[in-house]
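Below, each structure is written out as structure tokens.
Each of the next two complexes has chain A plus one other chain: chain B in the first, chain C in the second.
Our next item is the complex of A and B:
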């Protein structure tokens, strides 16, 4: 089960993910993010404070979107990762590819 | 006194909407074996990746075939064997991805395999094309359960 709550702060799209990002749920995140990218949304903030689990399916979606956002000269920032989610990012070497910040406030500053 | 070996045999329909139930079940057994939260999370993710591969590759998206799990717990290690009777593959062609290449270029697959190898202490794949696959993965038990002293 994954709940995606979407909001907008000026030109920044904020997505708060709650639950589990796995084989079953990653397609709904992919649909939401692809829709935003196709509408030329260049600044994305993903609040992962309530994300309890991520598998390789979720990582693949984030990697694919990060590449598309970079390709349109935009930026995606992830915030507030739980330790188990952070561990998966580190293990896969994904911390090198993403800007990961401790809070949404810091992410908004970084995106402005 | 040495811990007696315990074996659990579980069977789940090989569909992706059962992955959460599989993760939860394995987590509870890992918790009972004495693992801390970090290690339970690692075991849970490794099992998820192995079972997701069964659904996606061995069963090519779904069907009615089962995923069989055998969990063996002794005093030294926690072993999970994920078995399927799906398409199988040539294990000699199974390679862990070069993560630098994976991250810099297009997706090349194998991220789940990389994660399983990173999370678990021992990993072994046995597969026969057309017959099925066994993924055997273990994590060593390092007396993690801390006793609580009441005062």
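Our next item is the complex of A and C:
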């Protein structure tokens, strides 16, 4: 199960992910993010504080979107990774690819 | 509760939910640290989705067996399937260092499995892939 709660704060799209980002659920995140990118949404904040689990299919979606966001001169920030999610990011060498911040407030500051 | 869990699933991704629930029940009876639970969940998720998505040349139903056993200070996971022979130990290493623009998309599943497990043993016998993973337990 993955729940995606989407909101907008000025020009920043905020997505809060809750549950599991795995082989079965990553396509729903992909659809949501591709839709935003295609509408030229340049600033994305992904709140991962309630994300319990991530697999390589979730990493795949995040990497693909990060490339597209960079390609349109946008910015994506991830916040509040749980320790097991952080650990998977480290194993995959993803911490060097993403801006990861401890709170949404800090992320909004960084995106403005 | 026994120290062994055996799960039989069909080669459909929807079956992963069943695997996830059975693992949760097993870990409720045999508490493990967050790190160890995540390692077992993730390794199984990666390997089973690989088998289902890439392993079969036909569209027939196939059975996959997953056994999890708590043996002293190790969790031993054995996965047996009749998909085409595939030894994850021979998969090419993943690129985990290139910058964003050059980083290839995909190929991280097996890399994660190798990083999560202490030992990984593969054999092909009786037309079946048999993969055994060992993960050291720690204080929950």
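Just so we're on the same page, the second predicted complex is superposed on the first by the 112 of 112 C-alpha atoms of A that agree within 3 Å, B and C clash if a C-alpha of one lies under 4 Å from a C-alpha of the other, contacts with A are read in each partner's own complex, and residues count from 1 in each chain.
Throughout what follows, a contact is a pair of C-beta atoms (placed from the backbone, for glycine too) under 8 Å apart; a residue touches a chain by one contact, two chains touch by 3 or more.
Please read all numbers here as calculations on a predicted model, not as lab measurements.
After superposition onto chain A, the modelled positions of chain B and chain C overlap sterically.
When the two complexes are overlaid on their common chain A, residue A:55 makes contact with chain B and with chain C alike.
Of the two partner chains, chain C is the only one that A:70 touches; chain B does not reach it.
In the superposition on chain A, A:4 makes contact with neither chain B nor chain C.
In the superposition on chain A, A:23 contacts both chain B and chain C. Contacts of A:34 after superposition: neither chain B nor chain C is touched.
With both structures placed on the common chain, the touch criterion links A:92 to chain B and to chain C. In the superposition on chain A, the residues of chain A contacted by chain B and by chain C overlap at 20, 22-24, 53, 55-57, 59-60, 63-64, 83-84, 87-88, 91-93, 96-97. Taken in their complex, chain C has these residues touching chain A: 13-14, 16-17, 20, 34-35, 38, 41-42, 45-46, 49, 53, 94-97, 99-101, 103, 105-106, 108-109, 111-112, 115-116. Those residues of chain B whose C-beta lies close enough to touch chain A in the complex are 16-17, 19-20, 23, 37-38, 41-42, 44-45, 48-49, 52, 55-56, 99-100, 103, 107, 111-112, 114-115, 118-119. Across the complex, chain B is touched by residues 1, 20, 22-24, 53, 55-57, 59-60, 63-64, 83-84, 87-88, 91-94, 96-97 of chain A. Every residue of chain A that touches chain C in the complex is listed here, in rising order: 20, 22-24, 53, 55-57, 59-60, 63-64, 66-67, 70, 83-84, 87-88, 91-93, 96-97.
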